[in-house]
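Following: one structure in structure tokens, then a few remarks.
Residue numbering begins at 1 within each chain, and the chains themselves are lettered A, B and C in the order written.
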Amino acid sequence: MELRVHDLAVARGGITVLEGLSFSLGAGAALVLRGPNGVGKTTLLRTLAGLQPAVAGRLSLEPEEMAYAAHADGIKAVLTVEENLRFWAAVSGQGAVEAALGAMNLADLRHRRAAHLSAGQKRRLGLARLLVTGRKLWLLDEPTVSLDAASVVLFGQVVRQHLAAGGAALMASHVDLGIGEAAVLDLAPYRATRSAVQAGGFDEAFV
Amino acid sequence: MSIWEYANPKKFMQSSAAVLPWVAGLSALCLVTGLVWGFFLTPDDYRQGSTVKIIYLHVPSAMMAINAWAMMLVASLIWLVRRHHVSALAAKAAAPVGLTMTVIALVTGALWGQPMWGTWWAWDPRLTSFLILTLFYFGYIALWQAVEDPDTAADLTAVLCLVGSVFAVLSRYAVLFWNQGLHQGASLSLDKKENVADVFWLPLVVCIAGFVLLFLTLVLVRTRTEVRARRLAALLARERLA
Amino acid sequence: MLALLTRDLRLAMRAGGGFGLGLAFFLLVAVLVPLGVGPEGAVLAKIAPGILWVGALLACLLSLDRLFALDFEDGSLDLLATAPIPLEGVVAVKSLAHWLVTGVPLVLVAPVLGVLLNLPVAGYGWLVVSLALGTPALSVIGAFGAALVVGVKRGGLLLSLLVLPLYVPTLIFGAEVVKRGAGGLAVGTPLALLAGITLAAAALLPFASAAALRVNLR
């Protein structure tokens, strides 16, 4: 498994925000995307996940190999922790629910309704969902938001295990994720310039 | 040179600017000729008296009400397949015109129906179909207005137009079935074609041509406005970014 | 797919709303109409098929705006769109869940409300049959409308405006079946047409709905 991105341009709301982006990510590697608010981190992740079309460029990996985790975790408040996780495991055709509960330290909370979880606990449940998808490449958008220090360490361990098992992770974050070996890609230099807006934006035909 | 070059907004603005005065002028000419001829220079019908003259507004508007939807369907298909913005904007521009035509057809129909049938409204299959068509127009326009992102709105309304067309045709036949199934046969048939004599027929054709050209004029003007609005939005977005 | 169905059913049971609300609305319609029209049995018997069908249709409409909106808000729809099941399947399964939660209870209580509206005896069987055949179409068509407006804030009213015209053929054929059945006439033609609409809608509309969802997720 290897993700190769070549000369990619992505747009948000009809305006190209990133252009000329090329990088690759092999098995066992992690990459952290950095850049100021609005630079296009989330847009890039959504494009890679196949949720929106790229303006230009090539991707070498099918969206089917990726698991995407956004700001919203897709947790149903009236279901218990275990029910939430079992659902996503079944949708992905996987069964490693117990391991995922253990890995994110959720075993004690399994029968609690998600409505009664704290923000950090919900986040942990959202990350546990990644473990039951069985997919190789994780696309994580601000994965450590609202996690306490201990949980950030836990998250680091889970990502390392995933990398060791031949997975890969692409993470967008402002803060230190506690994964020292991850490479860092600053998106600011790829910010679309004025000329690129003309060339690649959806509305260029009107200008 | 391919015909699709005219779908480029700039090219469209140039060619439509050249065509527009002619279409508008011809439309005015046809409408004035047809309506004056029809209203003042044709004899009264021996049965319906002068009420029959509303036919010169009723029939052309009713035809355009349906044709406008057909045009929107074609434009939506072109947008979905070829992603030409002008096509989507033309569909958007045509919808209120089509709705107006539908309302004109319904109102003139009511004005005609009152002296002829003694009622403003009857649940005749054809009348009912037009009422349902009005609802389809309302939904289509409302969806355009509700969705903020223009491309998203274009996609969603195009899908709605496709599905809506199928259901509009279904409704037409369902309504035929419903009325014939419930009441006696079509005693209030509006099909005047067979009893329209030549003396009424010629001005009617001129009026129909006038309405087609009027529709074309209005759609062109409205599409040009939409293109300008999009151009403005694109320029503003670029300004913000720079 | 099965997991999605059980999850949606479980959510409907726990949240409570979807189940009872539509039924209560249906009951209200059946109570309010005689209050407005008057208690004459002959009049009520004449309008009962239409009222019951319109009531069922509006009750169906009531819970539609939550069909995709809740999943859209909490991010589940993003995740389902990237999951290994096709989005068309997601739409079909969610429509099925909506029908099981909303349509089936309506079918079951309709005969009781028929008594309130003085429906002729011969009509009861056809009422149940026509609703059983027609309500799936209401759910599938409604899911299409819900997919269109999923990105619109407070899209409930817009949803009704979009969906109600699409309900016209189903309503006409469905009510016609009951009318003819109650009058002792042959119901074969409208019943076949009703079934045809349901089958065609269930087969084709999920593709349009999934396309609309993809556009809205973009």
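The definition used in the following text is that a residue touches a chain if its C-beta (ideal position, glycine included) is under 8 Å from a C-beta of that chain, and two chains touch if they have at least 3 such contacts.
Treat the numbers as computed from the prediction; the structure is a model and nothing was measured.
Taken as a contact graph, the chains are fully connected, with every chain touching every other chain. Centrality by C-alpha centroid: the chain sitting nearest the overall protein C-alpha mean is C.
Across B-C and A-B, the chain pair carrying more C-beta contacts is B-C.
Each chain gets a centre from the mean of its Cα atoms; for chain A and chain C, those two points are 37 Å apart.
Chain B and chain C have centres, each the mean of its CA atoms, that are 31 Å apart. Chain B has its Cα centroid 48 Å from the Cα centroid of chain A.
Residue positions 218 of chain C are each in touch with at least two other chains.
Remark: chain B residues 132, 135-136, 138-139, 142-143, 146-147, 152, 155-156, 159-160, 162-164, 167-168, 170-171, 173-175, 177-178, 181-182 touch chain C in the complex. Chain C contributes residues 144, 148-149, 151-152, 155, 158, 161-162, 164-166, 168-169, 172-173, 176, 179-180, 189-190, 193, 197, 205, 208, 211-212, 215-216, 218 to its touches with chain B in the complex.
Contacts from chain B toward chain A in the complex involve residues 8-10, 85, 149-151, 227, 230-231, 233-235, 237-238, 241-242.
By the touch criterion stated above, chain C contacts chain A in their complex at residues 2-4, 7, 10-11, 14-15, 71, 73-76, 78-85, 217-218. By the touch criterion stated above, chain A contacts chain B in their complex at residues 13-15, 192, 194, 197-198, 201-207.
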